[in-house]
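Next come two complexes, and both contain chain A; in the first it sits with chain B, in the second with chain C.
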Partner chain A sequence: MHLETLAHGHSLFHRLDPRGKLAVALAFSLVVATGHSPWAAGVGLGLCLVGCLAGRLPLREVAKRLVAVNAFTALLWLVLPWQLGLGGGWLGLSLKHHPQGLMLAGMITLKANAIVLGLMVLLATSSVNQIFHALAHWRVSPRLLQVFFFFYRYLHVLHREWHRMHLAARARGFQPRTSLHTYRTYAYLTGGLLVRSYDRAQRVYQAMLCRGFRGTYWLLDHFHWQRRDGFFLIWGGLMVALLLILELAA
Partner chain B sequence: MSLIKMTGIHFAYPGRPPVFAGLDFSLEDGQRVGILGPNGAGKSTLFLLAMGLLQADAGAVELFGQTMRRESDFAPLRTRLGYCFQDPDDQLFCPTVLEDVAFGPLNQGLERSQALERAHAALEALGMAGFAQRVTYQLSGGEKRLATLATVLALRPQALLLDEPTTGLDPQTQERLEAVLRESELPWAVISHDHAFLRRNCDLVLELNQGRLIPRDNR
Partner chain C sequence: MHISEGVLPAATLIAGAALAVGGISLGLRKMEQERLPQVALLAAAFFVASLVNLPAGPARVHLVLNGLLGLLLGWSAFPAIFVALALQALLFSFGGLTTLGISTFNMAFPALLAHWICGPWARGANNHLALAAGFAAGFLGVALSAILVALSLLTAGEDLLGAAQLILAAHLPVMLVEGLVTAAAVVFLRRVRPAMLAWDR
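Now for the complex of A and B:
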């Protein structure tokens, strides 16, 4: 399982300090998500597209992720422009076209794409570990961070365990079908995974105790704030301010 | 002085037949003990009891001459024993290898710079100097194993408890691991199914079977 395909690269965005990128990403997402102006969202999307090209992100992977997002927004386009009314028509129900819904679906699509693309440019260009460290430097609650980190660390291990169990089932001729046997087998696999992860959690905790753990999860510095990070922070701030002006002008 | 001394240990997992009913075990300073035994005989359980990670139903555990009764007795002494778990994935829980290796020394109250120095030295000793910034879950099986040994050696323990340290290693990696162990000049207790490995590296080999430790001819 490899989830950090965009984190490899040498573009400007890959080299920037994740602390600065995190701050800009947060401000950008907040402004875009809460805004009402299609202009602001559109310009936001445009900025992210430029960033995407400047960061030389693999476009195929970016497109794949955007397709996943837009599978959801497509549902909105199907549902939002219609209003269900009572009386008349088929079965006493009538469908009315609702142009405002169309606007709304468009707005949500624009915002969702801008934010997801923005996060790909700004956050996915760092590894999850770097983001984790950056969050710690921004003094996010250590407990929350530990949960986040343990989740990510053991996601890989559990995924491997799931894969192994699945292989073991297949090696004995298991083929998923629409049958009670299949449902039962998946229930066993899921149950097995739960039990195993509980045991694993216990062993990890024991291993931590063996090395003197008393509640502090240590982090070591390895970020170096450079001049380009300062520039980027100012530039990012200006772009977010531009979006805000567009928003207020509307 | 005995580093570890366990006498008359009784222990059972809930709802299971007893694992130990009156087991004695000790590890003396300078001694290298190997432990063999069938699966499920309780080899890992023995180590967990010695570290105070499981509580014996009856019997006494002494570490470094002190009687251990409760968690607060065990906690300060644990890092003086370097316990290497069977599955490296249990032991490597920090983002980077360096952070994982420095985790123990930082818990011991060392300054950041001293802890880092120790971590780097431990990695260097295992020929893993280039791995400091690597992400733990992306290491290979052999690299993970060596990294766990580094996390334990960085504690500067007085003895090692190793649970199947050579399982799944290729001959070269196993050779490197053995060389580091021998160079450390530490006493240890090691669980393994590999008779040849135990013969090479231990002066006493015990077999754990049906809750008893019986000395094996070490030839």
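Now for the complex of A and C:
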């Protein structure tokens, strides 16, 4: 399971301080997600496309993620223009055409694409550990960050473990079908994984105690806020303000 | 069960975020230091297990497993589900930052209810009742989440009625599969490691 596919690179976005990027990403998502103006969403999408090119993100990976998002929005294009009504028709149900739905589907598609692209440009260009770190500097609850850290650290380990168990089941001739046997097998695999993760957590905690863990997770390296981060924050702030003005003008 | 960005109105997002923050901070406060790695690793295990597609007739369904997670973790389900959703938003750009709160609540609150309602039976002495409680926990976890998601969509206006109906209908087979899998998993855990089910809170 390779997760941080966009985090490697040397573009401007990869080098910026994650604290600044997180602040801009949050403000941008909030403004775009709650907006009603198609202009604001369109300009937001345009800005993110420019950022995507400027950040020299691998376009195939970006496209792959956008396809995943738009699989969902495509569903909305199919569903929103129709509504299920009671009475008449087949089984007492009837489909009614609902023209406003089309507008809404278009709006949601614009907004969802803008935000997903924005998150890719601003957040996926940092490693997950850098983002934890930025959140720690923001005084987010240290215990929540510890849960986050352990979760991410052992996700890969447990994924490999799952893969091994699954392989073993297949080697014994297991083939998934729509049957109680299949569901029971998956339940036992899941249960097995849970038991293993529980035992591993106890070993991890004991090892931490041996090394003198007393509940504080120390930050070893610190960010250095540079002039370009200040410029980026101002620029990002201006862009979000522009979107807000477009929103209010509409 | 994600709600895409840009669908819900600000009021719903804020209410969801407030509920999620309340649940997460309570969950963290009730968690002893010793249990912290356990909660995190169990959350990771649930995340891995829910990546799997199961066959259900002609279609394939994703397990949600929030009922089972609730049975094992109680209030800690809030931080556990939150970190999983936050990771998806950060890495896969799946879901998003603004919907993180409402999505956490929509999945974690049914988990907590499963813990309260089905937990005592799943831990109890009677094997048949435990099996039924496992089924109910899995079924209720998904059913209540789907209902909460549908209700959240309806706060965005009546235009989304069709989508809300579709979500409920699409989750009917998931509820059944989830109930069966959770029931079998409860039986498995009772045999193999009953202490994991006996966690209080």
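Here is the rule we go by: the second predicted complex is superposed on the first by the 234 of 250 C-alpha atoms of A that agree within 3 Å, B and C clash if a C-alpha of one lies under 4 Å from a C-alpha of the other, contacts with A are read in each partner's own complex, and residues count from 1 in each chain.
Criterion: a contact is a pair of C-beta atoms (placed from the backbone, for glycine too) under 8 Å apart; a residue touches a chain by one contact, two chains touch by 3 or more.
Keep in mind that what you see is a predicted model, and the values were worked out from it rather than measured.
Undergrad: Give one of first, second, both or neither to describe whether A:Leu220 is in contact with chain B, with chain C, with both, or with none.
TA: A:Leu220 contacts chain B only, not chain C.
Undergrad: Under the stated touch criterion, which partner chain does A:Gly212 make contact with: chain B (first), chain C (second), both, or neither?
TA: Touch partner of A:Gly212: chain B, not chain C.
Undergrad: Check the residue A:Val79 against both partner chains and state whether it touches chain B (first), chain C (second), both, or neither.
TA: second
Undergrad: Can A:Ser127 be said to touch chain B (first), chain C (second), both, or neither?
TA: first
Undergrad: By the touch definition at the top of the document, which applies to A:Ser29: first (chain B), second (chain C), both, or neither?
TA: second
Undergrad: By residue count, which of the two partners contacts chain A more extensively, chain B or chain C?
TA: C
Undergrad: Using the touch definition from the top, say if A:His98 reaches chain B (first), chain C (second), both or neither.
TA: It touches chain C, and chain B stays clear.
Undergrad: What residues on chain A does chain C touch that chain B touches too?
TA: Comparing the two interfaces on chain A, one with chain B and one with chain C, the shared residues are 149-150, 200, 204, 208.
Undergrad: Using the touch definition up top, name the residues of chain B that touch chain A in the complex.
TA: Per the stated touch rule, the residues are 48, 51, 53, 75, 78-79, 81, 83, 85, 87, 89-91, 93-96, 98-99, 102-104, 106-108, 112, 116, 133, 135-137, 151-152, 155.
Undergrad: Applying the document's contact rule, which stretches of chain A touch chain B when the two form their complex?
TA: 127, 129, 132-133, 149-150, 153, 156-157, 200, 203-204, 206-214, 216, 218-220, 222
Undergrad: For chain A, which residues count as touching chain C in their complex?
TA: Touch list, chain A to chain C: 3-4, 25-26, 29-30, 32-34, 41, 65, 68-69, 72-73, 76, 79-80, 82-84, 98, 100-101, 104, 107-108, 110-112, 114-116, 119-120, 123-124, 128, 131, 141, 143-144, 146-152, 154-155, 158-159, 162, 176-178, 180, 182-184, 186-198, 200-202, 204-205, 208, 215.
Undergrad: Along chain C, where are the residues that touch chain A in the complex?
TA: So the residues of chain C touching chain A come out as 2, 4-10, 13, 24-25, 28, 31, 33-34, 36-49, 52, 54-57, 63, 65, 68, 72, 79-80, 82-84, 86-87, 89-94, 96-99, 159-163, 165-166, 177, 180-185, 187-189, 192-193, 196.
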